[in-house]
Amino acid sequence: MARFLKSRAKAKGAAPGSLIFMGYQKMEATKIHLIKFNTDQSSEHEFSDIGEALKAIDKKQINWLNIDGIHEAEIIKQVGNHFNISFLGLESVLNTGQRSKYFEDEEAIIVISKAVYYHKEESKISVEQISFILLDKVVISFQEKTGDHFNPVRSRIRNNVGKIRKSQADYLLYALMDTLVDNYLINLEQLGNQIESVEDKLSNPQKELSNLLFHYKTEISYFRKTIRPLKEVLIRLLRSKTEMIHPESIPYYQELYDLVEQSIDAVENYFGMTNDLLNLYNTNVSNKANEVMKVLTIFASIFIPLTFIAGIYGTNFEYVPELQFKNAYFVMWGVMFSVAGVMLYFFKRHKWF
Amino acid sequence: MARFLKSRAKAKGAAPGSLIFMGYQKMEATKIHLIKFNTDQSSEHEFSDIGEALKAIDKKQINWLNIDGIHEAEIIKQVGNHFNISFLGLESVLNTGQRSKYFEDEEAIIVISKAVYYHKEESKISVEQISFILLDKVVISFQEKTGDHFNPVRSRIRNNVGKIRKSQADYLLYALMDTLVDNYLINLEQLGNQIESVEDKLSNPQKELSNLLFHYKTEISYFRKTIRPLKEVLIRLLRSKTEMIHPESIPYYQELYDLVEQSIDAVENYFGMTNDLLNLYNTNVSNKANEVMKVLTIFASIFIPLTFIAGIYGTNFEYVPELQFKNAYFVMWGVMFSVAGVMLYFFKRHKWF
Amino acid sequence: MARFLKSRAKAKGAAPGSLIFMGYQKMEATKIHLIKFNTDQSSEHEFSDIGEALKAIDKKQINWLNIDGIHEAEIIKQVGNHFNISFLGLESVLNTGQRSKYFEDEEAIIVISKAVYYHKEESKISVEQISFILLDKVVISFQEKTGDHFNPVRSRIRNNVGKIRKSQADYLLYALMDTLVDNYLINLEQLGNQIESVEDKLSNPQKELSNLLFHYKTEISYFRKTIRPLKEVLIRLLRSKTEMIHPESIPYYQELYDLVEQSIDAVENYFGMTNDLLNLYNTNVSNKANEVMKVLTIFASIFIPLTFIAGIYGTNFEYVPELQFKNAYFVMWGVMFSVAGVMLYFFKRHKWF
Amino acid sequence: MARFLKSRAKAKGAAPGSLIFMGYQKMEATKIHLIKFNTDQSSEHEFSDIGEALKAIDKKQINWLNIDGIHEAEIIKQVGNHFNISFLGLESVLNTGQRSKYFEDEEAIIVISKAVYYHKEESKISVEQISFILLDKVVISFQEKTGDHFNPVRSRIRNNVGKIRKSQADYLLYALMDTLVDNYLINLEQLGNQIESVEDKLSNPQKELSNLLFHYKTEISYFRKTIRPLKEVLIRLLRSKTEMIHPESIPYYQELYDLVEQSIDAVENYFGMTNDLLNLYNTNVSNKANEVMKVLTIFASIFIPLTFIAGIYGTNFEYVPELQFKNAYFVMWGVMFSVAGVMLYFFKRHKWF
Amino acid sequence: MARFLKSRAKAKGAAPGSLIFMGYQKMEATKIHLIKFNTDQSSEHEFSDIGEALKAIDKKQINWLNIDGIHEAEIIKQVGNHFNISFLGLESVLNTGQRSKYFEDEEAIIVISKAVYYHKEESKISVEQISFILLDKVVISFQEKTGDHFNPVRSRIRNNVGKIRKSQADYLLYALMDTLVDNYLINLEQLGNQIESVEDKLSNPQKELSNLLFHYKTEISYFRKTIRPLKEVLIRLLRSKTEMIHPESIPYYQELYDLVEQSIDAVENYFGMTNDLLNLYNTNVSNKANEVMKVLTIFASIFIPLTFIAGIYGTNFEYVPELQFKNAYFVMWGVMFSVAGVMLYFFKRHKWF
């Protein structure tokens, strides 16, 4: 499967703006969860029918509607009709093969974003699309799979921790997105630790290491490609003149933007580090080759001349004067030791060992 | 033929603005196809004469005039005269060796764009120029060859699928361009799959692989160079104050722009990947060389000293004391095994095998 | 000679703004050629004296004064005095060692640009400075050498082809510059073809090839450095509020700008390609080295042990039991074949050949 | 530990804006030091309780409150409450794992910055977060550890050196930040000296050197990543319309900005230098390998043929004519010397030694 | 000494804005030279006391005060007091370890710039700080050492060449800066020539060459780092709304800006060229290694099998049938020649020589 591209091929020929689910078909049923809260109280509700969920929304409180499993186009259609949302932004909620995006009209903001998991055992990144619709007093979140990203936010609502129960829907949206970006940093740290741990193994450059580093580099590229567009999303949101985001929430989104920048920074640094490690790997391979060659050269350069000398006195010429000399054999050994000694001295002086 | 440059040489000396076909001469005859439609109905007509086709245009409906094979300058000239279009933009329709472009005057928009095919068997990109003229109630599309790019749009018109029959000419132009850009992603995915499949073959770095990777890199560069200028075209279109594009179509063009950005993103990622694969290839070549050298060194370092020892006792000196010793031959074997053992231990300890 | 820098050293100490010719002294005499034309007629005149040429200018027609050989500072001085042009721009006409430039005052536009030739046989780029002064009804062009760049324009004027006879001086300037930029593409295509032809020769990486590629890379860099500043010239011209360029000429200059961008694009692509080819060359050298080493290793690893065996039985020990065995010689051959066979199997299994 | 990322994991699930210390727990107690000064006098006070320190602030003088050890969230909370500072900026004071930052509201400016130390012996960078709050007549500085960064400023206040006693709180903030940036340059110079000293050792490329260079490169990257965001902080501060920074202080902050740019420049240069040194290292390794191979080739190419010749006359054929020739042995030596001589001449001519 | 960083360490702890000389202490005494001129006349004066020099300034003429040797802080202090110049800009005049800078207030412009020398024999760049203060009718120039940079300007004043005597102080400043930038190009050309001359020596890649190229690259980086900030200085000057620079001087400063851009361009090109040469060097080293290995392989592959054959017939087996054959010796030679011939044919066919 092409890593850097989820196919739009399925929808080829479909009219633009038509609502067709274009991610990988998931088997699980869609789960609908509604939390209503205000400063004083919070209540939670499960629904299996989107229509009832929409009816249960209470505009006197803040409503957070979380929909797990977005493969039923019908549900999104009903949401769109209910809130009168432009179809183009909704199409993006269904098409999980695109980049993070920001849509805005007078009454709704749609944010398409990505959750990233790093599966430590397989050293693999997986990406899930998480979409948000911000409406007056309502936040709707769509997840590809049933996940537990937002549990920290849920528990803050339940236990009335922090500002969340006292704030508007735009703060809730911030809190949810903040959870995602926090996750980037946590997953990145794990990937980073694995990359850094390669350094120690490089002194003995095994073939597997280069494949591993290449693999990390691909994952890092994928990570980068995934989180980079979120920066643009936040720039558009911060520059927007929408009244959906209240002035007192702006510093929080600004802070979120800084966090995204920090993530991108870290990704770039790890990307550079894999490059450096690959170079170091190559350098170590060259060093190793050099060592091997030195061993060969030392052995060959010493013993080939000696073998030659021995060869000379193995010839069967009728008259080889040295052969008759008394002790010639020992003289030969002496000469051989001298030759070997000179060679070793040469190699030593040139710091070959 | 120079890949990155289609010659303007043919037209050298021609007056700028003169209408001369500068692509590669195609043999097929020009085909003219007109679709007229409104919310209620659609009708299709074939013409062999451009004059009649122009007469058949009905300004009470939306008219889509598709002209396959643009090598007859005369046809374009008549179109230009009929609609009173500035010659400079029309020249670009004929000159297929240029980049995607955007022209605009008060009554017409001309978009020069490119269709890209990836021929899987030959692993080669081919590019065709597709030009569009948007006029009041009329879209004219020019294709270099008779192709079937626009069949999905045609069938949406015939079967009244989506918004197309209810919309204006600017939406039709969007739908046609969207088909082209969708095609980028589909072709890119195929090329991408082939590139990714190289990774598995890299463990045994054959010479052909480096040529293949180089070839992919060239194709990717060519792809990138081809689709990049379309981004600029859409920026100009989106920033333009023309009344030809209605406000309700702007989000669709914005969406198209995002799709082009996604394509460029993916191209860049595959470009980086070919680079990484080439580096990995080189690393594997070095690793292989290292292995080969280790084999040589192990054999040579063990057997050259042993041969030397044998050589010593092959000499014909009158007095070589060892030769007379009983069992000296077996002692020699013992010494030899010891030497070989020490060597093997040394290599083992240095993790040579 | 420093390729990337024509010396200003000659003029060191000269007052800025003084008119001194700073190119390489050319021997040929200056040639002055004047074409006067309007819609109805055109006439051509040769002069040897600049004073007379200036007097011959007829403000009721469009005048194109072409001056070949700009090494006589006196001529430019007279031109400057006659039309009252600021000295600073004129200095640039004389100083051929600078980048393309744009000067503008209320009554004159000066464009310094470059013509590029690719000498196919020597694979070398040469650059000539071409300067233009646009005045009311007058274009003056200065060429370093007597060349034939502008023959296509001349013949269009003579034969009244295209818009040129019907247009103003600003269109003439466009037509002249267009000829130069067209030339970039033609020369680039030739250089490009030569670069692409290297690919086929890379399978046998001769030493000369790397020098050739390095040479191409230097030429491409030089080409790039030469044509890049023209983009800025056209940006300044297009943004300028001068009344010298009429609104109806703007699209032509816009088109010229696109052409320059296309040239720069192509140069960048060829630059990238030389880099890729150099890398491929290095990869092929490594592959070759690997092959050589495999041959060596196969031969050495097979025959060194065999020679060792033979050496054993060449020793002169008194008691070597095998020597007395009947058929021991043939047994030795058998052992040797087995050893060689095992080795060959090992190399085969590791895909060494 | 992931170098490029201090974990936010600890705070996962915490409400954004909640005050939790997220650096590495330090054992030392918090130290609170207050200096009050004006043109005429200065006085210093130590506190163990933040409440008393806050009460001791005298708005008729300039107050500098330095808090060493920021791990007690309670202290920061009291500071925030006392001066009514928005919690979001304060959170950043506690969270030491982030980039340099700038916060501003109508009555306070918060600057999060970094001090960098280069530990020469271990060749390691360590980073400490230093935060500043600028209020009317008050500067509060927070340090992670008890350090002596600000002693020069302290002594200038005590001894009334320079403008500091005559200036407002914004000048004091500048003076403190200037001390940090000065420190960047000093530490960078030490790191730079170590990097430059590697060059001399490169002629004999030991394996340790490549690891050392890789290590320096990582440190330089870390340095760069740490100081780069401060540039943005100063841009925001300089562009801000706050009345907290008086016009007469702007040139000082501009100067500080230039100094930060100079630091970043120097970091980039050293980064480039480590890259170049790594390349030079690789080149030297290749050169060394070449030398080794030459030695091997010279020895092998000379002695292998000679050994072959000797081998020929060691054969036991019944009839080998040369063996009976008188002086054949000496002729063999002559042939051998000739062969060796020819080989040496060949190697000499090809400049092998 | 750290090349990319002149230490600010000396001034550590000094109050910002205090006037301390931070360059390397020069032994020579400060020289003060004043030229007064107007259209009609010019006069020159030497002073040893700055006070008298300042008194000698005549506001009815243009005054150029040149101060060689800026290590006496007292002199600069008096200049500052006399003209009432802000201390911050003056500090920069004294601190020679910084980048080119531009300061401006209502009555003075301070430009800190750099002169670059290329010492051809040692192939080393040296940099000197040259600062200028432009005041109404006065230009003050400060040089680190007594140099002769400005002799061309001096002689133009004396001999009334060009516009200088007819112009204001801002033109004089331009003329002085122009001399510096001209010098960049001249020195760059010399360095460039040396770099280009390396190319010819690359065919025999000596170890010294790689060190030389590395050295050139460092010098080029240093050059680049030195001249780049001047571009920014000129941008600030050109954008400034100061009345100190008259409109008629703007084109000259624009021209100067173009010259700086040209210098930076050339530096970048030479930087790229050193990179390319280093790569070519590495390629040549690989090619050389390949050649060496081919020689080794050819010799070893031919003679090792032959020696093996000879070894076979050197064995002392009782029964080796071939030994008794008549002419077996000559048959052996025949076999050997065949083997060698086959090998040579193989090597030839694979284009090994």
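Letters A, B, C, D and E mark the chains in the order given here, with residues in each chain numbered from 1 onward.
Definition applied: a residue touches a chain if its C-beta (ideal position, glycine included) is under 8 Å from a C-beta of that chain, and two chains touch if they have at least 3 such contacts.
Remember, it's a predicted structure, so these values are computed and weren't measured experimentally.
Q: Rounded to the nearest 5 degrees, how far is chain C rotated relative to chain E when their C-alpha atoms are superposed?
A: The superposition gives an angle of 70 degrees.
Q: Just give me the whole-number Å value for how far the CA centre of chain C lies from that of chain D.
A: So the centroids are 42 Å from each other.
Q: Provide the C-alpha centroid distance between chain A and chain D, rounded to the nearest whole angstrom.
A: 26
Q: Would you mind listing the residues of chain C that make contact with two or more other chains?
A: Correct list: 282, 286, 289, 293, 296, 300, 304, 307, 311, 314-316, 320.
Q: Could you list the chains in ring order, beginning with chain A and heading to chain D next?
A: A, D, E, C, B
Q: In their shared complex, at which residues does chain E touch chain C?
A: Its residues touching chain C are 151-152, 155-156, 161-164, 174-175, 178, 182, 185-186, 188-189, 192-193, 196, 199, 203, 251-252, 255, 258, 261-262, 265-266, 269-270, 272-273, 276, 279-280, 282-284, 286-287, 289-290, 293-294, 296-297, 300-301, 304-305, 307-308, 311-312, 314-321, 350-352.
Q: Name, in rising order, each residue of chain D that touches chain A in their complex.
A: Against chain A, chain D makes touches at 1-5, 7-9, 12-18, 86, 88, 98-99, 101, 103, 204-205, 207, 210-211, 214, 217-218, 221, 225, 278, 281-282, 285-286, 288-289, 291-293, 295-296, 299-300, 303-304, 306-307, 310-311, 313-316, 320, 322-324, 326-329, 332.
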